[in-house]
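Some notes on the structure that comes next.
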Amino acid sequence: MINYNPKDWVTFIFHVHKADTIRTLWPLMISVAVFSGIIAYLELNYLKLAETTYVKNIGMMHNLLGFVISMLLVFRTNTSYDRWWEGRRFLGALTNVSRNFAIKIKSLKLSEAHNEFFDYAIAKYAFALKEHLREKQYFGKNSLLIEVDGGKHIPNQVAASISSRVFELQADGEISQEQLIILNADVQQFTDICGGCERIKRTPIPYSYSAFIKKFIFIYVITLPFGWVFSLGYFVVPIVPFILYVLASLELIAEEIENPFGEDANDLPVDEICNNIEKHVGEILK
Amino acid sequence: MINYNPKDWVTFIFHVHKADTIRTLWPLMISVAVFSGIIAYLELNYLKLAETTYVKNIGMMHNLLGFVISMLLVFRTNTSYDRWWEGRRFLGALTNVSRNFAIKIKSLKLSEAHNEFFDYAIAKYAFALKEHLREKQYFGKNSLLIEVDGGKHIPNQVAASISSRVFELQADGEISQEQLIILNADVQQFTDICGGCERIKRTPIPYSYSAFIKKFIFIYVITLPFGWVFSLGYFVVPIVPFILYVLASLELIAEEIENPFGEDANDLPVDEICNNIEKHVGEILK
Amino acid sequence: MINYNPKDWVTFIFHVHKADTIRTLWPLMISVAVFSGIIAYLELNYLKLAETTYVKNIGMMHNLLGFVISMLLVFRTNTSYDRWWEGRRFLGALTNVSRNFAIKIKSLKLSEAHNEFFDYAIAKYAFALKEHLREKQYFGKNSLLIEVDGGKHIPNQVAASISSRVFELQADGEISQEQLIILNADVQQFTDICGGCERIKRTPIPYSYSAFIKKFIFIYVITLPFGWVFSLGYFVVPIVPFILYVLASLELIAEEIENPFGEDANDLPVDEICNNIEKHVGEILK
Amino acid sequence: MINYNPKDWVTFIFHVHKADTIRTLWPLMISVAVFSGIIAYLELNYLKLAETTYVKNIGMMHNLLGFVISMLLVFRTNTSYDRWWEGRRFLGALTNVSRNFAIKIKSLKLSEAHNEFFDYAIAKYAFALKEHLREKQYFGKNSLLIEVDGGKHIPNQVAASISSRVFELQADGEISQEQLIILNADVQQFTDICGGCERIKRTPIPYSYSAFIKKFIFIYVITLPFGWVFSLGYFVVPIVPFILYVLASLELIAEEIENPFGEDANDLPVDEICNNIEKHVGEILK
Amino acid sequence: MINYNPKDWVTFIFHVHKADTIRTLWPLMISVAVFSGIIAYLELNYLKLAETTYVKNIGMMHNLLGFVISMLLVFRTNTSYDRWWEGRRFLGALTNVSRNFAIKIKSLKLSEAHNEFFDYAIAKYAFALKEHLREKQYFGKNSLLIEVDGGKHIPNQVAASISSRVFELQADGEISQEQLIILNADVQQFTDICGGCERIKRTPIPYSYSAFIKKFIFIYVITLPFGWVFSLGYFVVPIVPFILYVLASLELIAEEIENPFGEDANDLPVDEICNNIEKHVGEILK
C-alpha cells in the first residue's frame, strides 16, 4: 500500500505514480488516437462526407448508453472496493483476535513455556496466512514449537496446533471448562478469518460482468470517432483516448484492488499488519 | 465457475465465450435488425416522411426514460450480485465451520472411530447440501456410517446425525457439558447455512420487477427506430440491436447469477468448495 | 408468490399477469391520454400557438428534473426491496431455528411426550406468526397442548409456552444447566423473528416520501404534454401515458412489496414456508 | 408517525398534509417567484437583451451540475433514511428484548414480588428511554420499586436496578449461574439500545455536507432564471419555484427524519411502541 | 464537531464557516477564473475563432463524462461517510460497553477498592484510546492504579490490566467462573473497538482512486472554458470556478471526514464522548 497525504493535490495531479493506470493504458491510448486520426482523415479529407450524412448522428447512441456505461463502472467500482474493504476488515479482525487472545493468555498466568508457545503461535498464524494468500508457504522461525507439513494447508495446521494446546490446558487442569469456552471463541476466529480471506481471493466478479464491461468499453470507444469527427474534427485525436483513459482506468483500478492481499501498489498493508501483530503480541506476552 | 485472468483484455474483447450473452441474444438481435430495416425503408423510402414530421422527435421519450431504464438495470444487477455474493459467503461459512469443527474434534482426542465418523459426516454434509441445492439426492460413499432416507430432507438427516453423535458423546461422558456448548455452536451452523442457501435458491426477485424490466426493455427498443431513422438512416440496423444487446445482456446476466448454485458458467465453484472441504477436513482428522 | 421461469421472455412481455401494474393504472393512463389529446388540440388546432412560443420549452424543466425523479424512484425501489428481502431473511431464520431446535430436542432423547409437544409447538409458532402478521388469530389443531387466549398476543403465548417447557425440563433434571443455555438461544430467536416481522409490517416508508413521490410524479406527467406537443404533435397521446406507466409502476410495485407478508401476487411464500417447517420438523422429531 | 394508506393516491396528491414541505417552503417559493419575475422583466422588457447574448446559455451550467445535485440529494436521502430505519430497528430490538426477558422471568417461576418488579421495570425502561431521547425526565408510576435521581442518566439507573436484581437472584440462590448468563445477555441489550438511540440522536450528518447542500441548492436555483428566461419567458415564474420545491423538499424531509425520536409527523411511533411493550410484558408476567 | 441547527437555512447559506471548503479553494478558484478569462480573451478577441470552429464542440466531451465524474464523486462521498459513521458506531459501542461493564461490576457488589479500580480503568481506556488515535500518549490521572509504558501500545496495556484484574477476581474466588464469562465478553470488546478505530484511521481510500479523482477533476475543469467560451463568452470567468468549487468541495469534504478521530471541524465529538463515559461510569460506580 502507498502511504500518501490525501491533501497534497499538486503531487496527485502532476505526478505519474508507478501505480498510475496511464502506465498500463498508454499503448492502447496511442492506438486509439491513431485510429481516431485515420477516421477523421477518411471522413473529412478523403471521403469528404457531407454535413447531412447520417454518420454525423451516431453520437446519439453514445449519449443514450452514456448512463449505462457510467452506472456499470460505478457498480464495478463499488463491488471491488467492498471486497478490498472487507479484506481490510478481516485483517483488522486478525489484529483484534491476536491481541485479545494474548491478553487472556497473559491474564491466566500460565507457565512461561505456555506464554512463549502462544507468543510464537499467534504471530506464526498471521505470517502463515499472509504467505498462504500469496500462494507461498511459511514454515516459521522456530519449527520445533509448531511443525507444519508443506503439502497441507499451513494456516489450518497452525490453528489446529493452537486449538490442541488450549484443549490440553483444560485436560491438564490448568484452565477451567469455562475458561476453555472463553479461549475457544478466539481460537475459532483465526480459521474464520482465513476462510474469509480465501473467499475474497478466489472469487473475482462473475466472468460475464468482467467480459461484458470490457467489450462494452471497447465498442463504445471505437465507435465514438465516427460521429464526433463532424463536430470535433481532429480534436477527436486527443479526446477519444482521454475518454478511453477515464473508462478503462476505472475498470483497471477495480481489477487491481479486487484481490487486495498481493503486493501491488494499491494492495492492503499485509506485511505491516503482520509485523504489528508480532510486535503487540510480544509486548503483551513477554 | 470460469477461472479467468481479469487482466487479459484481448481475450475478453474478441473471444465469444460460451457464457457470452450474445449466444442467447443473437436471434432476437437479428429480428430487431430486420425490424429496424423495415421501419427505415418505410419511413425513408416508401412513405418519404418529411423532415418536419413529429415522428422524428419520438426519441425525446427515449432520452427521458434513459435514466430510468439505466437505474432499473443497475438495481437488477446489484440485487443479483448481492445474492450471488451472499451465496458465496454461505459456502465460505460452510468451509469455515467444517474446518473449525474438525479442529475441535481433533483437539478433544476422541477415539479413532469418532474421528472417522466426523471426518465422513462433515464432508457428507457438504456434498448432500450441494446435491440438495441442485435438486438431486446424495446418499454418500458409506451408507453404514450415516443412513439417509431419500424421501426426506437429506442435509437435515446428516445434521441430525452429527448432532445426535455430539449429544451422545456428552451423555457418555466423553466430553463435558461445556464442550457440548462449544461443539453445538458449530453443529447448528450447518443447518443455518443450508437454510440460507435454500432461501437464495427459492426466492428470485419479485415477479413484478422481473416482468416490468423485460416489458420496459422490449417497448423501449422496439420504439427506438421510429424516431432515430430520421437522424441515423439505415445505421439504425446495427445500432438498435446493439442497444438491445447492452440492455438485455444486463438482465440476462442478472438472471443467470441470481441462483448461483447450479452448473452454469457463472455459477459458484460449488464442486471445488466441496472437494476442498473433504480434503482439508481429512488433513486435520486423519 | 408467483413461481415463474425467469428465462421465458415471451411470456413476460406479452402476458398481462394479474399482478401487472397496468391493471391498476389503465384508468389513470386513459385519463392522461385524453388530457394530452385535449392539450394537443388546444395548442395545435385551437390556439394555434406559434413555433416561437415559450410554452414549447417547458420540456427543459422535465429534462432537468428527470434525474431527480429517476433517482427518487430508485431510492423507493431499493428501500422496498430491502424490506421484502429482510422479511424473507426473517422467514428463513424461522425455518433455520425450527430445524435446529428440533434437531437438538431429538438429540437430547427426551420422552415421547416431550418430542410430541415440541413437534406441535414449533409448527404452531410458525402458523400463529403467519396469521398474526395477517391480522388473524390462530388457535391451532390441538388446543390441549398449548392453550392460547385470543385477546392477547398469540405468538408470544406460544413462545412463552415453549420457554416454560424448556425451563421445566431443566428444573426436573431432564436436561442440564448447560443444555438449557443451548436450547434457550433457539427459543428466544422465535420472539426476535416475530418482532422483526412486526417491525417491517407496521413501518411503511415515511409519509413525507410517499406523499412527495406521488405528488412529484403527478405534476411531472401532467405538465409534460404542454411543451412536448410542439415536438410530438398528437404522439403525446400514447407517449405521455407510457411515461406515466413507467414512473407509476415503480411506485406501485414498491408499495406492494413493502409489506411482504400478505397474500398479494408478489408477497413472500409464507404459507409454503410454514408448511415446510411443519413437514421438516415432523421428519426430524417423529 | 402518520398512519396512512399508501394506495390512496388521490389523497396524497391533492391533500396538503400538515407535514407537507410546501407549508415550510411557500414563503421561500414566493420570494423566488418574485425574483424570477423581476429577472424576466429586466432581461426581456427593460434591457431587451438580444437572442444572441451569452446570458442565454447559462443553463449549460445547470445541465452539467444537474447530475451532481441530484446525486447529492439522493446521498442525503439515503443517509437520513438509514438513520430513521436504524432507529426503528433499535426500537424493534427493545420490543424483542422486553418480551424475551419477560418470557424467561416467567419461565423461571420466581416469587410474585419478583415478577411484579420486572413487569414494572421493563416497561419503565422503555418509557424512561423515550423521555430521555426527548430530553425529558421520567420518574415512573411507582417510585418505590425503582428510585431514580433526576440529575443522573435515568435509563442507566433503571438498567442498573434491573441488573442488580438479577445478580441478587443468583447470589440468593434463586437462579443458577447458568441462568444468570442467560438473563444477563438480555439485560445488557437494554443499555446497548439506549446507546444506539443516543448515537443517532446526537450525530447529524457532518456540518460540511449540510452546509454545502444548502448553499448549492440556493445558488443553483437563484441563477436558474437568468438563462432560462430566454427559452421560457415569464414561465420561469412558476417553474423556478417548482424546481426549488423539489430540491429543497428532499433536504427538508431528510432533516426531519434524521432524528426520528421526536414528535414530528414523520417520526417513529415511539409512544405506541412503549405502550405495546407495557401491554405485552404485562400479558406475559401477570 | 460543530453543533448546529440543521433547520437554520439562512446561516448555512450566507455564513462562511471556518470549515467551509471555499476557504481552502479560493486561491485555486481565482487561478481558474484568471485562466478562463485568458482563454476567453484569446479565443474571442485575439484569435477571433469563427463560430464554425471545432473548438466550440469540446463541451460534448464534458457532457459525456459528466455522468462519470458525478458518480465517482458520489462513490467518494459514500465511502468517506461510511467510514465516518462506522467510526461513530465504534465510539457508541465504547460508550455502551463502558456502561454495561460498570453496571455489572456494581451488581457484583465487590469491595470498594475494586469498584474504584474499574471506575478509573474504564474511563482511562476511553481517554487512552482517544489520545492513541491522535498519535499522542495518555498516562492518566493516577498512575498508581494502572501503570503504562509510553513505548508500548497504551490502550492494550490498559485493556490487559482490566483483563488481569477480572481473571484475578475469579482466581481469588470473588466471582464465579460463569461471571468470568459474562465480564470477559465486555472486556474483549474494548480491544475490538480499538482495532476497529485504528483500521479506519490507517486505511484511507486506495491511492489509485484518490489520485484518479483529483486528476480527473483537474483535467475536466481546465478543459471546460475552451469550448464553453463560444456559448458563454466572459461568463466562463465566474462559472468555471463555480463548477470547480462544486466538484472539488465534494473531494475535500470526503478527505476531511475520512479520518474522523482528529480535531477538524467535521470530526466526531471524541472529547465529549470520553467525558460522558467518565461521567456516566462515575454515576454508576460511585
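By written order: A, B, C, D and E. Residues from 1 in each chain.
Methods note: a residue touches a chain if its C-beta (ideal position, glycine included) is under 8 Å from a C-beta of that chain, and two chains touch if they have at least 3 such contacts.
The UniProt protein names, listed by chain, are A, B, C, D, E = Bestrophin.
Computed from a prediction, not measured in an experiment: that's the story for all the values here.
**Q** Smallest number of touch links from chain A (Bestrophin) to reach chain E (Bestrophin)?
**A** 1
**Q** Minimal path length between chain A (Bestrophin) and chain D (Bestrophin) through chains that touch?
**A** 2
**Q** Would you kindly tell me how far, in whole Å, the mean C-alpha position of chain B (Bestrophin) lies from that of chain A (Bestrophin)?
**A** 23
**Q** Distance between chain B (Bestrophin) and chain E (Bestrophin) based on Cα centroids, please, to the nearest Å.
**A** 36
**Q** Multi-chain contacts in chain B (Bestrophin): which residues touch at least two other chains?
**A** Within chain B (Bestrophin), the residues that touch at least two other chains are 63, 67, 71, 74, 177-178, 181.
**Q** Name the ring's chains in order, please, starting from chain A (Bestrophin) and stepping to chain B (Bestrophin) first.
**A** A, B, C, D, E
**Q** Enumerate the contact residues on chain D (Bestrophin) facing chain E (Bestrophin) in the complex.
**A** The touching residues are 54-55, 57-58, 60-61, 63-65, 67-68, 71-72, 74-75, 79, 152-153, 156-157, 159-160, 163-164, 166-168, 171, 177-178, 180-181, 184, 188, 191-192, 194-196, 198-199, 202-212, 214-216, 218-219, 255, 258.
**Q** Mind pulling up the chain D (Bestrophin) residues that touch chain C (Bestrophin) in the complex?
**A** Listed in rising order, the residues of chain D (Bestrophin) that touch chain C (Bestrophin) are 1-2, 4, 6-7, 9, 12-13, 17, 19-21, 59, 62-63, 66-67, 70-71, 73-74, 77-78, 81, 84-85, 88-89, 91-93, 95-96, 99-100, 103-104, 106-109, 176-179, 181-182, 186, 228, 231-235, 239, 242-243, 246-247, 249-250, 253, 256-257, 265-266, 268-269, 280, 283-284.
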